[in-house]
Amino acid sequence: MCVAIPGKVVEIRDNKAIIDFSGNQVEAYIGLVNVKVGDYALVHAGCVIQTMKQTEAEEIAELMGGLAE
Amino acid sequence: MEIKEIIEYLQNYQGPVIRLMEVCGSHTAAISKFGIRDLLSDRIELISGPGCPVCVTPSAYVDRLIELAKEPNTCVATFGDLLRVPGSSKSLSESKADGANAQMVYSPMDILKLAKDNPMTNYVFAAVGFETTAPLYALLIEEAMKQNLSNIRILTALKSMPNVIAYLLRNEAQIDGFLAPGHVCAITGADYFGKLAEEFHIPFAVSGFGDEELVVAIYGLVRMIEQKETGVKNFYPSVVESGGNAVALDKLNTYFEPCTVAWRGMGEIEGSGFCLRKEYAQFDAGSIGLKEDKKKNHACRCGEILMGKAKPTDCPLFARVCNPSNPQGACMVSYEGSCFTAFQTKA
Amino acid sequence: MEKIIMEHGSGGRATGELIRTIFEDAFSNPVLSQMEDAAVIPGGAQIAMTTDSFVVTPLEFPGGDIGRLCVCGTVNDLLMRGATPKYMTCGFILEEGAEVALLKRLVQSMAQTAREAGVMVVAGDTKVIEGNGGIYINTTGVGIVPTDVDIKAANAKVGDKILVSGTMGDHHATILSSRMNIQNKIVSDNAPLNEMVLQLLEQGIKVHVLRDVTRGGLGTVLKELAQSSHCEFEVEQDLIPVSATVKDFCGLLGLDPLYMGNEGKLVAIVDPEDEAKALEIIRLARYGKDAVTIGTVTAEHPTGNVLLKTHIGGRRSIDILQGEGLPRIC
Amino acid sequence: MEKIIMEHGSGGRATGELIRTIFEDAFSNPVLSQMEDAAVIPGGAQIAMTTDSFVVTPLEFPGGDIGRLCVCGTVNDLLMRGATPKYMTCGFILEEGAEVALLKRLVQSMAQTAREAGVMVVAGDTKVIEGNGGIYINTTGVGIVPTDVDIKAANAKVGDKILVSGTMGDHHATILSSRMNIQNKIVSDNAPLNEMVLQLLEQGIKVHVLRDVTRGGLGTVLKELAQSSHCEFEVEQDLIPVSATVKDFCGLLGLDPLYMGNEGKLVAIVDPEDEAKALEIIRLARYGKDAVTIGTVTAEHPTGNVLLKTHIGGRRSIDILQGEGLPRIC
Amino acid sequence: MEIKEIIEYLQNYQGPVIRLMEVCGSHTAAISKFGIRDLLSDRIELISGPGCPVCVTPSAYVDRLIELAKEPNTCVATFGDLLRVPGSSKSLSESKADGANAQMVYSPMDILKLAKDNPMTNYVFAAVGFETTAPLYALLIEEAMKQNLSNIRILTALKSMPNVIAYLLRNEAQIDGFLAPGHVCAITGADYFGKLAEEFHIPFAVSGFGDEELVVAIYGLVRMIEQKETGVKNFYPSVVESGGNAVALDKLNTYFEPCTVAWRGMGEIEGSGFCLRKEYAQFDAGSIGLKEDKKKNHACRCGEILMGKAKPTDCPLFARVCNPSNPQGACMVSYEGSCFTAFQTKA
Amino acid sequence: MCVAIPGKVVEIRDNKAIIDFSGNQVEAYIGLVNVKVGDYALVHAGCVIQTMKQTEAEEIAELMGGLAE
């Protein structure tokens, strides 16, 4: 299973980041993605696999527009 | 369009029967958990595909893990689910009772510390997964080399999405559209499925894992089908970029190469997996040739279910001999397996 | 005496010393200090009896420890039958190497929780096995049940309201956080529920069913109750209280809060007339401030069914916990 | 399901299956099969309560097994207070890898012994821990004590006769024989002593003290009783029954039969008037044919003392067991 | 003469005070167990000598055992008693709680099978004992060589009787006669103590371990003293022959040689022990130089007690701080120790 | 402690004997003594250390005679 929710990067230590999920802090390797403090990141099995953009709403709206009857 | 309107649309759909396959196990689990089937018209069917990494692992792989775990001074580290997958006769978890040394970890990277703290123990990570997880093993090996740890190996059963989907479509799976796995696309980019969409004239919708995200993507697929559109639409743009994750892809290609692997119940599919490149063979715990796939129970229909040709309830063993405490096939093991989720939420 | 050694289980002098220095003080009462083969105590016309062994790791965790836990578990099981908890026995199985200072803390925590819950520890036993310092505790409880009280799983009736006394999953999430090394502020809810239960009974609430939500979580409990009562329950996901931190903790590990255990929460199924009053009583009682109604007994059902209405409006049946409830990661 | 795995302790489906296939059948009774949090059962004005955990290896041994043992231990402790054993709970702690077929045999042996002893198993619990197939069982018993019965360690009086119900050391020698790989025909004496105890009470014997001779052996029991009663006991070595095989077994390992445990023998301290009748009753009862008088309560003594007159005519004080009672070899 | 008459004689003895020392721990234990002191006139005192192998082991030896037991893949095998002897800070048994791997066995020969079955584990036997036990270790090494087992070693604290007795007599121990250990003589022959008897003009009575055997030997000693006889009398002729056990003595001399060793509370005594010969040094787990003897408690008078200069009850710690559950000195540990037996049978 | 009681040799297997003590049978190495079935043997920590002669009574009597007053 892949984590469906993004966490916030609160600290970076060497090759790992501390990532907060509503008060749960986990350590994740950052060798696969460039992250910085403040980013929202997707963590999969102890590694960050992607950062999250905040653009969903518009893009989806646009897509949906194209699909509407 | 409001989510309420979308749901209403899906609930009231009266067109020709539409069969959608989610190829990602996390999608299967989320669809169950959110009760999404209940929101769809009877004419929209959701079918679970071969996207649960645990469910598609052949018995020979599990048998080999057990063999390794029983070797002296060897510990097999793995994700939780895999402990319970039956091999040709037992699971890793059952073999612990026979002296197999197996340990559940949260992350493949956890074995770096274990291996460092216990230099006399050989750690083997059970490296299962798709494009999403494969780069993690690349990172693991990179770190093991950096830290000079010689007591780490992996046993791979890494799978790749496109060729198994092509296999399904070539083998008469009746599917009208695919929910493409959001996290695979986070690594590979959304276009990863473009060639398939084109070749088979079929639509793909990239979806996230939230309830609304899934509903939106399903709606998107239904609309594309109704409008006879093919191609890939990305309903998960906050995570999935067109190019994917270049760093991860680069690491994946550095350590691994495409290869032919066996899928539980389906046999070998060309180019449907990843294997360690020869240069890194010393990290391999004997992954080559693990193709045998002895069914624990011959009546198990996991293979057909993974191909969308049968539903769990079509299996004569379902909820009788086969249940999560006594799984006959891998589909009943993983929390993401079709049979498991069908069992868990059966009315 | 820093660590437990095999001799502490001999039944001879070393066992005696262990009992004197650790247990006698903490649990001191006239019955126990007789050190007889069996305690002789006042009884009652109808008694309740329950047993549980506790094998949790870590032994101490945010919000509690195995000592508090093993009292709460047994006291709560008695309460769930409408019994007033009275007596408790404890059987310790200690692995060689267990820290004596730790044992002392755990026993003191037990004693304090027993006082809070109004139970007297009347008999005990200690055995030592080979191992690596683990501590396992069995507690068995006896309570007195008024003859007019009849609370059991089979008693849910169509129309009844289904209440929970607070947020789900806190204990389980606490334990797993320690084991998986995830930092958070979640604390275990381990607590004895005497006050809320005895108040419900005293104030004449028509309580049909009580069940503490432990191993297996709310999902398992509801399904079992529905099976015993031959009813269909309908509960609403959005009404089930789960703290934001526990929710995301579950998300992280691929767990479902529905199957996460507590050690100080209960499900009460009450007559619909009494719903409001029952909620008020529980909310005023210790450990009950977040009590809410989560659903209704909607119909009779031959094999028992529980329907969950999800946030997005879907409906699914829920079953008892399958597998081990292990974190899913991949 | 051949071996126990962690999942059997989940509290979910696998635990349920284990309970159904192993425990329910063996212990079947209406109280247990309700599967409630606590059993509700008829009580009595005065009850006795005792607990013990059993951690013996091997799990099966000549003459018995841990299943029979854990019932006898708890039943006998109740009887030693003059209680009629009524209810029992059992808490299983299973190590991963435990053989299910073995568990089944043990549980059936428990059930059979419970029937023999007239106790009903009213509640149970199962937990699974990591390990290598070990099985640990806690049993807790409740019995009813007539209000006019007062049997306790402090009640020995000067002049009283000290009886034992049979040969010493059989159980302990059985276990050690297995562990030290010494071949012999010794079998454990594990047995529930209901008949002899209840007959003594029924027939109005003035029983002052009863104590089953378990861990720590006769020496420990006598010293503890002398301490509680503030008396001096005098017992004669040649009167203490020990089988020839057990005697030589002890000689081989440098052990003293005085400190070898039993699981189906008791010490009774009775009014001297009733000595003969008490002996007769015990001898006629099951498991009591070798009963004899071994000594007398000779005097008051502030701290309690036990004098042993040896075969050759010497006299020595005996104390409770020191150390672990390990075989001495060199 | 009937045993009854002998006891009567000993009970009614009114001559000058006679102090007899039993130098064998098994004698000490048997005398206690049979209540033999109770059969003697107050004018016949029985004193326990340094004959309990466990009691005379210096703390450095125990510390070394603990060190070995904590080494990875190393198991210390030992007789039961030794597990509980305090070293300078802890006992082996207490150290098990800290991860020391120690196992009680019935016989030194038991480790042959253990070593064979677990070739990855190094077994160290804690080889304590006197002339009776030393030949067993010779046999063990012989068998280990025959079976080609390279994972067996011994840590020796082997003691020999004559020189420690001479040491006592030279250091003003007030002793009028010795109960000579029957089983030492079974190996060495009764004459083994002849030279000592002659040099110090003192009688020895070789005794068995039964109640009557002990009473007879004590009577023999009393009579010899009364008659001012010296020399060695053999009251255990069924077992003790004059030449002893030639096969055992030969093996002892093949593998071991006399050496100077340390005795708890007494220090080093020349030629009072046995060490492996150089040819067999590979079987030694580091026995040389284990002389340090740190008292756990400075008030412990074990040394004087072992020399017959003090009684357990003379020790300020006896039955207060020091008891079998919390022994301060080795004499309180062994079932054969003077302090232990005094504690166990104290009125 | 040394075993104070003799056992009877009931069987010899290679370098070990089975020795019976009132029904307790133990295996003991016989490398230190020549024993044969029927002998009475003293066993110490798993090895036979001596066989037992049956002559005690007379010898002791003789000894005692010398000591009598």
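Couple of notes before you dig in:
We call the chains A, B, C, D, E and F, going by the order they appear; numbering starts again at 1 in every chain.
By our rule, contacts are C-beta pairs under 8 Å (C-beta built on N, C-alpha and C of every residue); 3 or more make two chains touch, one makes a residue touch a chain.
Quick caveat, the model's predicted, so the values are computed rather than measured.
Relative to chain A, the most remote chain by averaged C-alpha coordinates is F.
Chain C and chain D touch with mostly matching residues; of the residue numbers seen at this interface, over half occur in both copies. The copies chain A and chain F differ by a rotation of 180 degrees on their C-alpha atoms, rounded to the nearest 5.
Ranked by the number of C-beta pairs in contact, the top chain pair here is C-D.
Centre to centre, using the average C-alpha position, chain C and chain D are separated by 31 Å. Remark: chain D and chain F have CA centroids separated by 37 Å (rounded to whole angstrom). Centre-to-centre spacing of chain E and chain F amounts to 21 Å, using the average Cα coordinate of each chain. The multi-chain contact residues of chain C, meaning those touching 2 or more other chains, are 6-7, 13-14, 254, 322-324, 328-330.
Annotation for chain A: residues 1-2, 4, 44-45 touch two or more other chains.
The multi-chain contact residues of chain B, meaning those touching 2 or more other chains, are 29, 79, 84, 106-107, 133, 323-325, 335-336.
In the complex of the two chains, the chain D residues touching chain F come out as 177, 182-186, 244-245, 247-249, 251-252, 254, 328-330.
Chain D contributes residues 1-7, 13-14, 17, 96-98, 133 to its touches with chain B in the complex. Within the complex formed with chain C, the residues of chain B that make contact are 3, 7, 29, 32-39, 53-54, 79-81, 83-84, 104, 106-107, 128-129, 133, 211-212, 215, 323-325, 334-336, 340, 343-347. Interface residues of chain B, counted against chain A in their complex, comprise 1, 25-26, 29-30, 79, 106-110, 132-133, 135-136, 139, 142-143, 182-183, 186-187, 208-210, 216, 219-220, 223-224, 227, 233-235, 237-240, 245, 247-248, 251, 335-336.
Per the touch definition, chain E reaches chain C in the complex via residues 84, 93-94, 96-99, 323-326.
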